[in-house]
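This structure is in structure tokens; I'll ask about it shortly.
Here the chain labels run A, B, C and D in written order, and each chain numbers its own residues starting at 1.
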Amino acid sequence: MTTLTLTAPSPHLAFLLRLADDNLILGHRLSEWTGHAPMLEEDIALANIALDHIGAARSLYDRAAELHGEGLTEDDYAYRRDARGYLNCLLVERPNGDFAHTIVRQLLYSAFALPYWAVLTASTDATIAAIAAKSEKEARYHVRHSGDWFLRLGDGTDESRTRTEAALAALWPYTGELFEVDATLEPLIAEGVAADPRSVHAVWQQTIDQALAATGLTVPEVPFMQTGGRTGYHTEHLGFILADLQFMQRAYPGATW
Amino acid sequence: DPREARFMARIDAEERIEPNDFMPEGYRKTLVRQIAQHAHSEIIGMLPEGNWITRAPSLRRKAALLAKVQDEGGHGLYLYCAAETLGKSREEMMDELVDGRAKYSSIFNYPTLTWADIGMIGWLVDGAAIMNQIPLCRCSFGPYARAMIRICKEESFHQRQGYEQIMTLCAGTPEQKELAQDSLNRWWWPSIMMFGPSDGDSVHSAKSMAWKIKRFTNDELRQKFIDATVPQAHRIGLEIPDPDLKFNEETGHWEIGEIDWEEFKRVLAGGGPCNADRVAARKAAQENGAWVRDAALAYAQKRAARESETLAA
Amino acid sequence: MTTLTLTAPSPHLAFLLRLADDNLILGHRLSEWTGHAPMLEEDIALANIALDHIGAARSLYDRAAELHGEGLTEDDYAYRRDARGYLNCLLVERPNGDFAHTIVRQLLYSAFALPYWAVLTASTDATIAAIAAKSEKEARYHVRHSGDWFLRLGDGTDESRTRTEAALAALWPYTGELFEVDATLEPLIAEGVAADPRSVHAVWQQTIDQALAATGLTVPEVPFMQTGGRTGYHTEHLGFILADLQFMQRAYPGATW
Amino acid sequence: DPREARFMARIDAEERIEPNDFMPEGYRKTLVRQIAQHAHSEIIGMLPEGNWITRAPSLRRKAALLAKVQDEGGHGLYLYCAAETLGKSREEMMDELVDGRAKYSSIFNYPTLTWADIGMIGWLVDGAAIMNQIPLCRCSFGPYARAMIRICKEESFHQRQGYEQIMTLCAGTPEQKELAQDSLNRWWWPSIMMFGPSDGDSVHSAKSMAWKIKRFTNDELRQKFIDATVPQAHRIGLEIPDPDLKFNEETGHWEIGEIDWEEFKRVLAGGGPCNADRVAARKAAQENGAWVRDAALAYAQKRAARESETLAA
């Protein structure tokens, strides 16, 4: 049991892993708050959202394993790939930072995930469609939760507004990647397995614009968008996530827990 | 005082006391202290387990652990609410926790050093907690009793889940079995101490029994726990780290060796391996979160002000 | 290549590992500052001290491997033991915290290491004696460096003094362990392989008292000393150190780097 | 201006200019900018490599990496000192770095994603740096030239060490070989870009050549690097990620494909993968360290005051 390298995974498999990795890594980040949140209600809420994401990741890895054959399991994907094999977008691996960073990251991602899951309910991969139906409901709550907090922080105190603005500026460059279409995605969109993320851009923009308008904040001016996660080109943060995440499976390979 | 007499008559008749009912000051104080300690224990208890969320060895276990720690947060919340019905604010209780005035269960001052400790906490610590808590479902104070009913259901699930995790280790590789035994060696005595001092040395016991806050003595509950747990350990091939342990055929009870009360007192007094780290972690959460709570308050006030302006217009 | 469990290591081996682990973990902690220190001179100085500690650890692991037989190498000890197998004292694994914490930790440890290495130069294990001779010289610099900073911080600004006081209070409970003698150490002291740490307590106390006196700070009142590291009973911090430290060897077992 | 003429005569005669000598304002400015950028590059360069110190795969490699990063800190220090001889304080330069006014080598805005990147930085990045720096040992400004002599010696050691690390990977398991190739794929083009824009597009080149700050054009240095590096890659079985790469038998040079100047400009303008993280890390170090520097200053002042009191008494 060593590091799992997927050489040229099929587009279908790659798509499943991209979605699954987004959810695992975002869930992992949120779970870091447990016991350390600004109020007990948020310890609970963030753990809840983390559980939704980890649950979605598990279902998607399951489907990947089924498709992949070779007797792999969900845990092989999570625990045996090194950073270059992870396909999540960069946004979800950004550090929690302060609570404003966590809320802005969640809003930016969930405002994308909600409509994207909605169109994926029509996926020709019936398992994806079923996962999407469940996840869409969860994402509705995630958007509401982060949207409510965005409002409170953006229109709360001077300090909370400044922090929210800084978080927006820091995270905005990672939003472009959510809507990218590449050679992996193109055939899958044509087949109806995947959905075109560009088709939900307008809805995403509307959600964000509404949130901004309610606080009087504006879209930060960002000359460059970041990209790379979908092909395993990550930030330096992912490696440290994986060192913790994978420790037990690496130290005690082949054991059942 | 005739009110006190009526109060005691209600207690004796197994009636529930509710927040707005008359109650003697001692009863209120005892309850506030006990419920707050209990709430704090849930909150501090999130830390040793939370320590392994990012390192859980499988996605299934990670999700289960996260859900468990979340449940503990929920328990803390019910309990703070129950204490608030007695007139003490959550903020005040939180302040007492982070400045060291309030106590919480000493068991959480031990570190989780390996993954096995997560299963062990479920099995032993939640197991011991349930022994304490089941009688509290019949506590004379209504809000506490009702919170306990819900909490006990979840704790009992956690306890089974913890035992199952340890069972899995014992059925696994030799390294896994070793992790389980090592963890039991470290957690056995601290769990036994969770029931508090022996009846003779227990300060608050007699009054609490009379008020039907407590239903059993510390030693009675401890014995129940030992009798339930020793056979569970033996069933999965684990050895209890107590050379003096023996089964008394006459009484039908397992008898343990001497408890190290010095250790108990030291940990209670702040000298456990993690006391300082636990309080520091909660203090950091309180301080780092202050601006967030301030923002939420400021927003709520602005919003209320806007609404009343709209109404006035 | 999985986790290395040493069941009942010989006292000689355990002693080597205790010393080596102290040095590796302290070196690791110091190395975390690299690129993030309060001034460039300290990036360099802390890296330098870290290198001394890691160097000492390597020599000690080498000697352990030689004694142990079984073809083990220095890396087996560093990269394959889990937290329960590490035998360093708790002081060295405490987090870096602010610069005052790092300086106080270093002074408390180095003020012990300097005289302890000095007596170990007479070890009947010639390799230990040789390592001690080299390390004693290095420790002299470590005491000077941390002592100078202790003075600057303790007698600098109000803020630096408050921070130094807080660091002293937080770390003092971990000093008792440095001078403990147990069943592992007793026969080795008798044989002259190890030295009795209690024999250097007075010198240690003098170094610390002098540093305190120069700043007007006092020994914090600490009712309880912490212990456990020498038998692998650590704080929760060590596990995270090892997750990073061991990632590569765990993820790519058996490779040569 | 006769002083300028004398200055140019000295330059032409290959004499060294020293800090207290007359120099034209443009010469001073160019040097301060270049030396400060060079110093900043060393400091920022500590971050991508520092990223792997805690995760190095063997103790030998860990020590070597730590020593290497420490050397970079040392280079930064000499260079800040050289720049200070021209009248600009280190504090001012540090401020310019953290508020984004100062530039540093764009290469450090790429992330170190695997351990192989550590070897690759040694081999390629230090290799490219040396090409730039060897001629700087003959730079007309004395303090800079002298700093460069020392730096070049160490860089050349780092470069060999880096190549040896990559060689080890290429001789290792298939996974290790793959790590090396993947790393080369990511670092090749950014290293090529380290030499800056093509001669036609280079803003400061002509003047710098006349002042003998620079001795070769960007393209000349780039070609030297390519000619040295391509055979090294081939020797250990690595493929250069450039389908257009070919050896020109006539000129004896390796010719590369089109450089993506858009990427170069984007990274230079702040849009590289790590620009924000790099500056944020240095900013955090500056801010978190402020109280330490204040304390050192306060202590030095107190001490000086005490000494003068003693003298006065």
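Convention: a residue touches a chain if its C-beta (ideal position, glycine included) is under 8 Å from a C-beta of that chain, and two chains touch if they have at least 3 such contacts.
The chain lineup, named per UniProt: A, C = Phenylacetate-CoA oxygenase subunit PaaC.
These numbers come from a predicted model, not from an experiment.
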Winner on C-beta contact pairs when C-D is weighed against A-D: C-D
Chain A and chain C: spacing of chain centres that average the CA atoms, whole Å: 40
Euclidean distance of C-alpha centroids - chain A vs chain D, Å: 36
Length of the line joining the C-alpha centres of chain B and chain D, rounded to whole Å: 57
Of all residues in chain A, the ones touching two or more other chains: 2-3, 82, 239, 243-244, 247, 252
Touching two or more other chains - residue numbers and ranges from chain D: 55, 175
Pairwise chain contacts, counting only pairs that touch as defined: A-B, A-C, A-D, B-C, C-D
Chain C-touching residues of chain D, taken from the complex the two chains share: 43, 46-47, 50, 53-63, 66-67, 69-70, 73-74, 76-77, 80, 115, 165, 168-169, 172-173, 175-176, 281, 284-285, 288-300, 302
Touch list for chain C against partner chain B, complex: 2-3, 5, 82-84, 170, 173, 223-224, 226, 228, 233-236, 239, 243
Chain A-facing residues of chain D, complex: 48, 51, 55, 111-114, 175, 178, 182, 186, 266, 269-271, 273-274, 276-277
Sites on chain A touched by chain B in the complex: 24, 28, 31-32, 34-44, 47-48, 50-51, 54-55, 57-58, 61, 74-75, 78-79, 98-99, 151-153, 155-157, 159-160, 163, 241, 244-245, 247-249, 252, 254-257
Of all residues in chain C, those that touch chain A in their complex: 2-3, 82, 239-240, 242-244, 246-247, 250-253
